[in-house]
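Shared between the two complexes below is subunit A, which has subunit B as its partner in the first and subunit C in the second.
For the complex of A and B:
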C-alpha cells in the first residue's frame, strides 16, 4: 500500500510539471486549431536557457525561469511567423507536420551547441523528507510549488483580465470576436507567446527536477500531448487535470511494468480517449 | 445612414451569391430583407459587417466608404451585427460576454452593463451562467444586448427569431421594436417575413442575389403577388 501512495505522490509532483507545457500546447490549439509538436524541443530550449542563466550567468532559479519564458516565447513567435503561419492555408495537419520538423531542427541545434552530456542546475543538495514510510524531495516540492503558482497565475490571467478574456473569446468564436473589435490575429500571436513561453518554463522546471540533455523535451512530448488529449484539447483546466492523471498513471504503471514501457501509458491514454471520448474529460474547448 | 450599392460577393471559389444588390437604410428606419432561401440575405449582412469581402460595389456608413475596411474596423466605425447562430461566446459567462462587447470602447463599462441589466433583467439573473446554458430566447436577448453595448450607429440582425418558440419570438419582436423606437437604424433578415414587413419602414425582396422588389414594409406585406411568391400567403 505504501508503494501505491508513494507512486501517487510522485505522480502528482511529476504531473504538476507536465501540466505547464501541456497548458501551453492546449492554449495554442484552442486559438490556432493545430497541435504544435515543436513543444517538446521548445521545452528543452527553455531548460537550456534557464540552465545557462543559472550556471553561467549566476542568476537565481526564479529569474532564470523568467528568462527562459521570455526567450522561448520569442523563439515560438519567430517560428510561428516565419514558418507555421505561412502554412496555415494548407490545413492543420500540414502545420502540425511542419512543427515536427521545426522540433527536430531545434533539437539538433541544441545538440550541436551543447553536446549530448547531461547538465544539472546549480542547486544545493538536500536530503529527502521521510514520513509514514513515504519519501518526498524538497526540490520536488519546490518545483511543484512553482508549477502551481504558474498555473494559478495563468488561470487568473485568463479569468480576470480583459486580454485573457479576449483570448478565451477568440478561442471560442473568432468571427464573433472580430465583430466586437478584437483582433484575432494579434490575440493569436499573444497566445503563441504565452503558450511557448509556458513550455519554456515547463522545460526549466523539469530541468530543476532532473538533469537535462537535448532529448529531454522530446521524451516528454508524449505525456504532454496525452495530458492535453485526456483533458480535452483546447481546455486549460483539462490540460492540468490530464497532466496530473498521466503523471499518476505513469508512476503507478512502474509497479507492474518495467520503466522502459512507461510511455505505454501515454499511448494507451491517447488511443482510449480518441476512441471513446474524443472531446476528453472537459468535453469541448473551454480555455 | 447606410447605403449599399451594386454589391457583388460570394464565398471562396464559389459562384457569386450577391449579383449587384443595392439597399438603403435611413436614420431611425427598420428595414427588412425578405426572399426565398439562397437569395443572399444573410450573405448581404455578412458583407456589410465585413465578415465576407465585397468583390464589387460599395458600402457607405454615414456617407463614408467602408467597403475595404475589415470587420474589426467596421465594428469600431459603428456597425453591430447579430448573427443568426453562434452569436454569443458560449464558453464564457453572461457577464463576461457583456464585458467583451465593450472591448472596442472600454469606458464606463460598469454603468453600461448596469443599464443592460436594468433593461433585460433576465440577463442580470443569469449573469454568472455560461452563455451556452441559456435558452434560445435568452441567448438572442444576450446577443442583442451585446450589440447594444457597442453603442452602434447601425444594427444588423440576421433572423433573430430563428428557432425560437412563439412566445420568445413575440418577446424578441418587442425588443427589436423598442430599439427602433429609440431611433436606432436596423437592417434585418427575418423568417417571419410578413410580421416583420408589417412593422418595418421599408422592405426589400431579394431573389437569386438581385433586387426583385422594394417598397414600404406594410405595402410589400399587403402585395398579393409578393405574398404568393415569397411569404406563403
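For the complex of A and C:
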C-alpha cells in the first residue's frame, strides 16, 4: 500500500513538470493548428540554457529558469519566422514535419557544443523527508512548486490579460477573432513565444530533477504528447490534468512492468485515448 | 572501392523501397508515417527470427511483409478517422515502442546484443563477392517490381480514390467511397512494403540490433520522398538514391574539418540532413520530379 502511495506522490511530482512543456505544445496547437515535434529539442535547449546560467554564470535556480524561458522563447520565435511560418499554407502536416527537421538541427547543435556527457545542476544536497514510510525530496518539492507557480501564471495570463484573451479567442474561432480586430499574426507569434518558452522552462525543471544530455528532451517527447492528447490537444487545463495522470500512470505501472518500458505507458495511453475518446478529457472534436 | 559502390547501391535500393512505402501513403493519401523505422524494424526482426528458426528465407521475407502490414493496421486503426496529426503522433510513438521491445525482450530479439548469423541466401554458393552482386540484383529486381505495381496502383481506380481522399476526404466520402477502408488498406500496403525492406536489410546484413533502427532513418526517407517528388513513385526512387549519395558524401566531412571530434562530425552530418530537409521544403516542395496531375476528362455534351 505504501508503494502505491509513494508511486502516486512521485507521479504527481513528475507529472507537474511534464505539464509545462505539454501546455506549451497544446497552446501552439490551439492557435496555430500544428503539432510541434521540435518540442523535445526545445526542452533540451531550455535545460542547457538554464544549466549554463546556473553553473557557468553562477545564477541561482529561479533566475536561471526565467532565463531559460526567455532564451527558448526567442529561439522559438526565430525558428517560427525562419523555418515554419512560410510553410503554413502547405498544411499543418508539412509544418509538423518541418518541425522534426528543426528538432534534429537543434539537438545536434547541442551535441556539437556540449557532447553526449551527462551534466547536473549546481544544487545543494538535501536529505529526503520521510513521513509515514513515504519519502519526498525537498528538491523535488521545490521544482514542483515552481511548476505550480508557472501554471498559475499561465492561467492568470490567459484569463486576465488582453493577449491571453485574444489567444483564447483565436483558438476558439479565428475568423470571429479577426472580425473583432485581433491581428492573427501577432497573436500567433505571442503564442509561439509563450509555448516554446514554457517548453524551455519545462525542460529546465526536468533537468533540475535529474541530469541532462542532448537527448533528454527527445526522450520526454512521448509522455509530453501523451499528456496533451489525454487532456485533449488544444486544451491547456487538459494538458495539466493529462500530465498529472500520465505521471501517476507511469509510476504505478513501474510497480508491475520493468522501468525500461516507462515511455510505452505514454504510447498506450495515446492509443487508448484515440480509440475511445479522441477528444481527450477536455478537448474539442478531433475528427 | 567496387564493393563499396555495390554496398551503397544495395542500401539505396532498400531505402528506395522505404521511399515507395512512404510515397504510397503520403503522396497517395496525404497520411504521414513517422514510424517508418519501426515498421522497417518489425520486418527485419520478423524475417530474421523466422529464418533463424529454420523457415526458408523467401517464406520468411514474405511473412515479414504480412507481419509489417498487420502491425500497420494494428497501430493505425484507432487514428485513421482522425486528423492527420494524430496519426503522426501515434506512428512516432510506435517506432519508439518497437525499439523498446527490441532492446528489452531478450528471449525474442536478443536485446541490445542483436541477432547475429541471419541466413544470407546463396552466400555459401556464391562467395562474398558474388553474393554482394547477386543481392544487389535481387534488391533492384524487387524494387522494380514494387515500383511497377505501385505505378499500376497509382493509375488504377484505387489510386484515384486515394488521391481524391488526399485532396478532400469529405468529398470522396460523398462520392460514395469508403475513405476509412481505403486509407487503412493503403497504410497496410505501405507498412508491408516497409516490412519487406526490413527483411531484405536483415538478410543482407546478417546481423541486426536495435541500433540499426534509429528514428533518424525515418527522416532520411522523408527527405528522399520530398526531394524526389511527393506523389510520384519515380520521384521516391530517385530521392532514395540522392539521399544515399548525400549521406555517403557527408561521410567524408571529417576529412575536410580535421579539428572536430568524431561526435562533432556525426552531429554536423545530422544537422546537414535536417538543414537539407528544411531547404527542400522551402525551395522546392514539389521535388525534382513533380507530381503530374492528369487533366479531368472533358464532360460529354
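What we mean here is this: the second predicted complex is superposed on the first by the 284 of 287 C-alpha atoms of A that agree within 3 Å, B and C clash if a C-alpha of one lies under 4 Å from a C-alpha of the other, contacts with A are read in each partner's own complex, and residues count from 1 in each chain.
Methods note: a residue touches a chain if its C-beta (ideal position, glycine included) is under 8 Å from a C-beta of that chain, and two chains touch if they have at least 3 such contacts.
Everything numeric here is computed off the predicted structure, so don't read it as measured data.
Contact with subunit B, but none with subunit C, is seen for A:172 once the two complexes are overlaid on the shared chain. Legend: residue contacts after superposition of the two complexes on their common chain; A:180 is shown touching subunit B, with no touch to subunit C. Look at A:162: by the touch rule set out above, it reaches subunit B but stays clear of subunit C. Contacts of A:48 after superposition on the shared chain: neither subunit B nor subunit C is touched. In the overlay built on the shared chain, the residue A:270 is in contact with subunit C alone; subunit B does not reach it. Shared contact residues on subunit A (touching subunit B in one structure, subunit C in the other): 286-287. Within the complex formed with subunit A, the residues of subunit C that make contact are 30, 32, 34, 75, 78-79, 81-86, 88-90, 92-94, 96-97, 100, 103-104, 216, 219, 222, 261, 263-264, 266-268, 270-271, 273-275, 277-278, 281-282, 285. Of all residues in subunit A, only 29, 34-35, 37, 83, 86-87, 90, 92-94, 96-98, 100-105, 107-109, 111-112, 115-116, 221-222, 225-226, 229, 233, 258, 260-261, 263-264, 266-267, 270-271, 274-275, 278, 286-287 touch subunit C in the complex they form. Within the complex, the subunit A residues that touch subunit B are 162, 165-166, 168-169, 171-173, 175-183, 284-287. On subunit B, the positions that touch subunit A within their shared complex are 49-51, 70-72, 75-76, 80-81, 83, 86-92, 96, 99-101, 103-106, 146, 150.
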